[in-house]
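Lettered A, B, C, D and E in written order, each chain numbered from 1.
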Amino acid sequence: MLVNCVAYQDGRKLADITREEIGAYVERPECFVWVALKEPEPAELDAMQRQFGLHPLAVEDARHGHQRPKLEEYGDSLFLVVHTIELQEGELQLGEVHLFVGRNYVLSARTRTQQGFAEVRARCEREPELLKRGAGFVAYAIVDAVVDRYFPVVEALEAELERAEERIFAGAPARASVEALYALKQKLMVVLHAVRPLEEAIGKLCGGRIPAVAAGTQEYFRDISDHLARIHADIESLRDMVTTAMSVNLSLISLQENENTKRLAAYAALVAVPTLIAGLYGMNFQEMPGLRWQFGFPLTVATMVSVDYWVYRRLRGAGWL
Amino acid sequence: MLVNCVAYQDGRKLADITREEIGAYVERPECFVWVALKEPEPAELDAMQRQFGLHPLAVEDARHGHQRPKLEEYGDSLFLVVHTIELQEGELQLGEVHLFVGRNYVLSARTRTQQGFAEVRARCEREPELLKRGAGFVAYAIVDAVVDRYFPVVEALEAELERAEERIFAGAPARASVEALYALKQKLMVVLHAVRPLEEAIGKLCGGRIPAVAAGTQEYFRDISDHLARIHADIESLRDMVTTAMSVNLSLISLQENENTKRLAAYAALVAVPTLIAGLYGMNFQEMPGLRWQFGFPLTVATMVSVDYWVYRRLRGAGWL
Amino acid sequence: MLVNCVAYQDGRKLADITREEIGAYVERPECFVWVALKEPEPAELDAMQRQFGLHPLAVEDARHGHQRPKLEEYGDSLFLVVHTIELQEGELQLGEVHLFVGRNYVLSARTRTQQGFAEVRARCEREPELLKRGAGFVAYAIVDAVVDRYFPVVEALEAELERAEERIFAGAPARASVEALYALKQKLMVVLHAVRPLEEAIGKLCGGRIPAVAAGTQEYFRDISDHLARIHADIESLRDMVTTAMSVNLSLISLQENENTKRLAAYAALVAVPTLIAGLYGMNFQEMPGLRWQFGFPLTVATMVSVDYWVYRRLRGAGWL
Amino acid sequence: MLVNCVAYQDGRKLADITREEIGAYVERPECFVWVALKEPEPAELDAMQRQFGLHPLAVEDARHGHQRPKLEEYGDSLFLVVHTIELQEGELQLGEVHLFVGRNYVLSARTRTQQGFAEVRARCEREPELLKRGAGFVAYAIVDAVVDRYFPVVEALEAELERAEERIFAGAPARASVEALYALKQKLMVVLHAVRPLEEAIGKLCGGRIPAVAAGTQEYFRDISDHLARIHADIESLRDMVTTAMSVNLSLISLQENENTKRLAAYAALVAVPTLIAGLYGMNFQEMPGLRWQFGFPLTVATMVSVDYWVYRRLRGAGWL
Amino acid sequence: MLVNCVAYQDGRKLADITREEIGAYVERPECFVWVALKEPEPAELDAMQRQFGLHPLAVEDARHGHQRPKLEEYGDSLFLVVHTIELQEGELQLGEVHLFVGRNYVLSARTRTQQGFAEVRARCEREPELLKRGAGFVAYAIVDAVVDRYFPVVEALEAELERAEERIFAGAPARASVEALYALKQKLMVVLHAVRPLEEAIGKLCGGRIPAVAAGTQEYFRDISDHLARIHADIESLRDMVTTAMSVNLSLISLQENENTKRLAAYAALVAVPTLIAGLYGMNFQEMPGLRWQFGFPLTVATMVSVDYWVYRRLRGAGWL
C-alpha cells in the first residue's frame, strides 16, 4: 500500500506525486523523491523497480521478506534491511523495513509493523536544511527512528529480569522462575538477531570507505552505531545475567531440597521417638516396670512429650525446623 | 554416472555431447560446457580430468570424498566443495557436491544425495541471458539451490526444539527430553559443519580479490553469503537455546525431586501420626484412659481421622500435597 | 552549575572569566580556557555550545546523558564520555563526565557524581609546564583522575569475592552466599560497562592516527590505556572466579544434602532397630521366650541399647554421624 | 640414530652418502640431500648443524624436544616442529618430528614415535618428477604423512564418544561414564595441542608471504591446512559434545535419583499402610469391632492386602513403581 | 639496593663502576652499561633516571610497582615489565622485574622475588660474542631466565590437577576436592595474568616493526614468544580441565547421593518388612493362626528372617546394597 509519495526540491515539498510520475522526478537532478510503502504488494514493488531502476536481487529480497538486517551496495544505490521490534502484551513482534536509497530518492517499505515514519517525515519537512542534505540523511532519520524504539524494548526486558530476580530471591515457585527466565532468554535472542547484524551494517556507513549516497552523514550514522553498541552491550549483559540467574535458581532449588530433607527428617524424628517408647511398652512381657501402676500410662506419655520437646528444641536450634 | 553433458553457445543449448567431445568444445572460447555427474566412478573422474585439464589435487579430493566445504583456486579455475543436507525420517543425510569451475565450463559431481540440479539447468536454459553470464553464474545457481535446501532443515530443527520445549514445560518424562535435546544438538553440529566453512568459502567470492571466473557475479554470491549468515546465526541461537533448555530441564528435574520429597514426607506424616496414636494404646499398661470404655476404640479412630484431616489440610495449604 | 571558568596563558592562570567572555578568549590563539560544569542545565549547555562552537550531536548526547563511554571526533575537536564509579555503602553509584576538547579549550561537565576535578586543576596550576602542553594534557589529567578512582572499586569487589569465598568454605548459609555472588556479578557487569568501551575509546588516542588535539600526549594516554587493560583483566578474572565460586557453592550444597541424607538415614536406623525388636515382643503369641521371665523386659531393653550402640559405632566409623 | 642419508640429483637417487659427505653435496646446487634421523643423539645433531649450517636456536629446540608445533624461519631455511600421535591400547602416545628445510636439503629427526617415513621416501623415489620439485615438496610429503595419521586417532575418539553415549543412554553405571568422558576430554586436549599450533604454522606456508623454499608448493600445503581445519573442527565439536554428554549424564543421575526416591516412597507406602491397620488392632481397647470374631484376623489381613493392591495399582499407574 | 653496576666494551667487562659514573660511560657509544637493582628505593630510581635519562612515566611505574606485564617504547628506549612467579610451600609468590633498555645500557630492577640474574650475567660474561650483540640481547637473556622459571610452576600446577583428579575418582571427601580445584583455579588465573600480557608485549619484539634496540634479536624473542604460547596453551587446557573436573566432581556427588538414597531405602526395607509382620501378630484378635501354637513365635521369626534374606538378596542383586 502506498502511504506517501512526495517530491522535494531544495528541502521543500514540491508536490504529492503519483506512482507514475516518480521516474520523471527522479531524472531531474535537483529533485528528491521520498516514497513510503506499507505491506507492499508484489505488483507495487515491480512498479517501484521500474520507476527507480532498482536492482532485481534487492527487490526479490524485499518481496520475500524475512531477511536478516543488512546493507548492500548495488552500484551507487544502497539497500538496507532493518528489523522493527514492538512489545505487545509482553510478546515481541518483529517487523521489517526495507530501504532503497539512491542519489536523489529514498523508498521505504515496511511490513508487519505498526510503526510508521510520518513523524520522521514531518520533522524533516519542518526543517528544510535537514532535508536538503539528501537521501543519506533521510535514511539516517528513518533508521534512527527504528533504533530509538529498541530502547524501550530493552528496558522492558531489563524490567522482566529484575522481576524474575526478585521472585527468585523471594522464594517464589521455582518452576515459574525457570519458565520466565527461559522466555526472557528467547526474547533476548530475538533482539540480538535484530541488533547484531544491523550494527555491522551501519558500521559500513560510518567508517572505512563510505558509499557515496551516505557521504557527509557518517557522524549521524556513527551516532546510531553508538546506540546499537550500547543496546548490544546491554543485551549481552542481560544474557549473562539470565544464565547466572538460572544457575542461582538451580542452587536455590537444591538448597530448598536440603531444607525439605531436613524438615522431613526433623518431623520423622518427632514421631519416631514416642513411637519407639510406645513400642517398648507394647511388648508383652509380663514384668515391665510400672505396667500395673496407675500412673504408668500418663507418666509414659509425659516422658514422650518431654523427650519430643527436647528433640524439638535441639532441632530448632540446629535450624532443621 | 554421467547425468548430463551439454555444450552451450551464446546462452543457448548447442548439443548434448559425448564425454570424448568435451575437450574439443572447451577449446572453443565461444562455447560453454556444463557436465553433471552423479556418484562418479574413479574412471569417470580421470576422463574428466583429461578432458578439462583439472588439477590432480582437486580430482583426488573429489575421488576420496568426505571433504569439508571449501573453495580452492588452481590457476584460473576453481574447485568448490559443498555439503547437501536432507532430512529423511528425522535423520540428517549428508551428501557432497564437488564443483569444478573454469572459464567456459562447469563440472558438478554429486554423491550420497537425492538432490539433482535438473531444475537449475532447466531454469538456466529457459533464460539464455542468465546462462550467457558464464561459469560463475552457473556455479552460483547450483550453490544457491543447495543452500536453499538448508532452510527447511533448519526450520525442522527449530520445530524439534519447540516440541522439546513444550514437552519439558508440560512435564513430560525428562529422560525423553534429555535424549531429544542431545540428538538435536548433534544434528546442529552436523549442519554447522556444513554451513560454517561454506560461509567462509563463499565469502571469498563476494569480497576482496574475486577470482576471475566469478567476476561480475559477486552480488549473487553475496546473496548466498547472506543466506548462510542467516542460517549460521539461526543455528548458533538454536545451540544456545538447546544448552539453556538442557539446564532448564535439569532445574525442573531437581524441582520435581523437591516435589517428590515433599509429597513423600506428607504421606509419611499422614501415616505416622495415627500409627503413633495406635502405638500409645498398644502399650500394655493396665490403666489407660478409656481402655475398657465401649467408645474408646471408635473415639480413638475418630481422633486419628481428625488429626490426619487437620494435618492434610495444613500440608495441602503449604503446597506439599 | 558552573564550577569554574578560567583562562590561562603560557600555562599560568590569567583570570576567572564569566560565561560570556569565553568566546573572546577562545578566539585568542595564545589563550587556553578550561571550564568545569556540574549537573549542567540545558540552558548552560546551549550557552557553552554557542561560546565554544560545539557540535550539536555532542551537545545533545551531553544533554540526554546515559551515554556509554566513547570518543567522538567532530572536525578537530573531541567529545569524550567517561563513567565515574563510586562505592557508597556497598552500592555502586554511576556518574558521567562529558569532555569537550578543542585546540585551546577543555569543557568538562559531570553529572551524578561527587567527584570533582578541583585537585586536578590545582596540580595543573602548580605546574605550568604541564598546563602549557594544552588541551590534550588536561583531558588526560581528568580521565586519569577518573580511572584512578576505579582501582579502589575493583579492590572492594575483590574483597567482596574473598569474603564470599570464606563464607562458602566456612559453610555459612548457602542462600546468603548465592545472593552475595549474584550481587557481585551484577556489580562487575556495571564496572565492565564503564571500562570496556572506555578502553576502546582511549586506544584511539594512543595508537594509529592520533587526533590533532591529543598529539604529543599519546604516551600519557597509553598509560591510562594500560590501567584500563589491567582493570579489565582483573574484572574478567573476578567474573570467572564468581562463576566458579557459584558452581563450588552448588557442589557444596549437594554435598550438604548428601550429609543430611546420611544423617537422616543414620538416625532412622537408630530408631528403627529397637522399634523392630519391640515389635517382635509386641506379638501376641502365647509362647515367646522370656515372656514371663522377670528379666525379660530389662534384658530386651539392654539388647536394644547394645545393638543401637553397635549400630551407632559403625555409622560413626563410616562417617554417617 | 641415522636412518637414511641420500643424495639426489634431478629427482633421482644419486647415492647413499655418509654423514661427513653431506656438506660437500649440499654445496652442489644441482644436488639435493635428504637425511632422516631417529631419536637423535646430541652429538649427531651437532654434526648435522655443522654439515648443513643449521641455526643454533633451532638445533637447541630439537635437542631439548617437548616443543609445541611451530614453523620458524631462519634466513632462507625453515624449522618445523610437528607432533605425531599414535593410539596404543587406547592411550595416546605423543612423538615429535623436527624438520630442517633448506634450499636443497631436508633433515627430519623423529623422537618417541614408531612412525617412520620410509614409505614417503619410497613414493618420492618412485616418482622423480615429484622429488624434482625440491625441499618444499619433501617437507610437504612428510607433514602430510604425519597429519594423515591424525585421522584414525580422531575417528577412534569419535568412536569412544559414541560408546560413552550409548552407555549413558542405556543407563550403564554413571560413574564409569563420567570417568570415560573425562578421559576422552583429556585426550581431545592432547590432540588439540598438536593440531591447533600446526594449523597456524602451516597457514604461513599457503597464504600471505610464502618462504622461498616453500614457493610453488602452496597448493599442497593448503591441502594439509584443509585437513587440519577439518580435524580441528571435528575436535571442537567432539569437545562440545563431551561437555554436553557430561551435562546429560548429570541430568540422568538426577533423574535416577528422582526415580529412586519415588520407588522408595512407593515401597514405604506399601509397608506403611498395613502397618497402620495392624497398629489399630494392636491397641488394647477391650471393645474393638470383630476382635473376638473368628474371621476378624483373616478379614483384616484381606483388607490390608486389598488396600495395598489398590495402592500398588495407583502407584504403578502414576509411574512410581 | 644496587646489586651490580658494570661497564662493558666489546663484550668484555671493563670495570665495576659507581652509580655516579654511569652517565659518563653511557655517553661513550662504544661502551655498554648493565645495572641490576633489587627492591630499589625511590631515591635510587631517581638517581638512575638522571644517569640514564629515563622517561618519567616509566620511572613512576617502576616506583609504584604492581604493573601488569607490558612493553612501552619511549623514544628509542624500551620499558619492559615482567612478572616473576615462584612456588613457596604450594603458594604462588609474585614479583616484578622492570627493565629499562636503551641503545647501550640495560637497567633491571626486581622486587618481591628471590630470583637474581647473577647467572645470566655470568653466562653473558663467559661468552663475549653474545654480550657484544648489545642491550637487546641482554634484555632477551633476562626475560628468558624469568620465563624459563614459569615452566616448573606450570608443571607443579599440572601435578596438582593430577592429584585432585586421582582423589576425585578415588572417592576421597568431595569437599576437599572442591577446595583444591578452586585453589588451583585461582593460581591459574594468577599465572595467566603474568603470561598473557607478556606474550602480547614480547610479540611486538619479534614481528611487525621491531624497535631499534631489539633489532637483530627477533629470532631470540620469537623463541620466548614460543615458550609463552606453550605456557599459555597449557594454562588454558588446565583451566578447561579444572572446570571439567569440577563438573565431574558434582556428578560424582550426585551419584553418591543416589547410592546413599538407595542404601537408605534398602536398609529401611530390611527393617520395615519384619516390623510389618510383627505388627500383624501384634493385633489383638483372639483368633489368629498359630497364636497359641508352641512354635508360632519361632516360626514367625524364621519367616521374618527368610523374607529379609530374600529381600536382601534381591537388593544386593540390584546393586542397592
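Simple rule for what comes next: a contact is a pair of C-beta atoms (placed from the backbone, for glycine too) under 8 Å apart; a residue touches a chain by one contact, two chains touch by 3 or more.
Keep in mind that what you see is a predicted model, and the values were worked out from it rather than measured.
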Target subunit C, source subunit B, minimum contact steps: 2
Euclidean distance of C-alpha centroids - subunit A vs subunit B, Å: 25
Subunit A-subunit D separation of Cα centroids, rounded to whole Å: 40
Sites on subunit E at which at least two other chains make contact: 247, 250, 254, 257, 261, 264, 268, 275, 279, 282-284, 288
Arrangement of touching chains [line / ring / star / complete / other]: ring
Cyclic ordering of chains (reference subunit C, direction subunit E): C, E, D, B, A
Residues of subunit A defined as touching subunit B within the complex: 55, 57, 61, 67-68, 70, 72, 74, 174-175, 178-179, 181-182, 185-186, 189, 192-193, 196-197, 243, 246-247, 249-250, 253-254, 256-257, 260-261, 263-264, 267-268, 271-272, 274-275, 278-279, 281-284, 288, 290-297, 300-301
Contact set on subunit B toward subunit A in their complex: 165, 169, 219-220, 222-223, 226, 229-230, 233, 237, 240-241, 244-245, 247-248, 250-252, 254-255, 257-258, 261-262, 264-265, 268-269, 272-273, 275-276, 279-280, 282-289
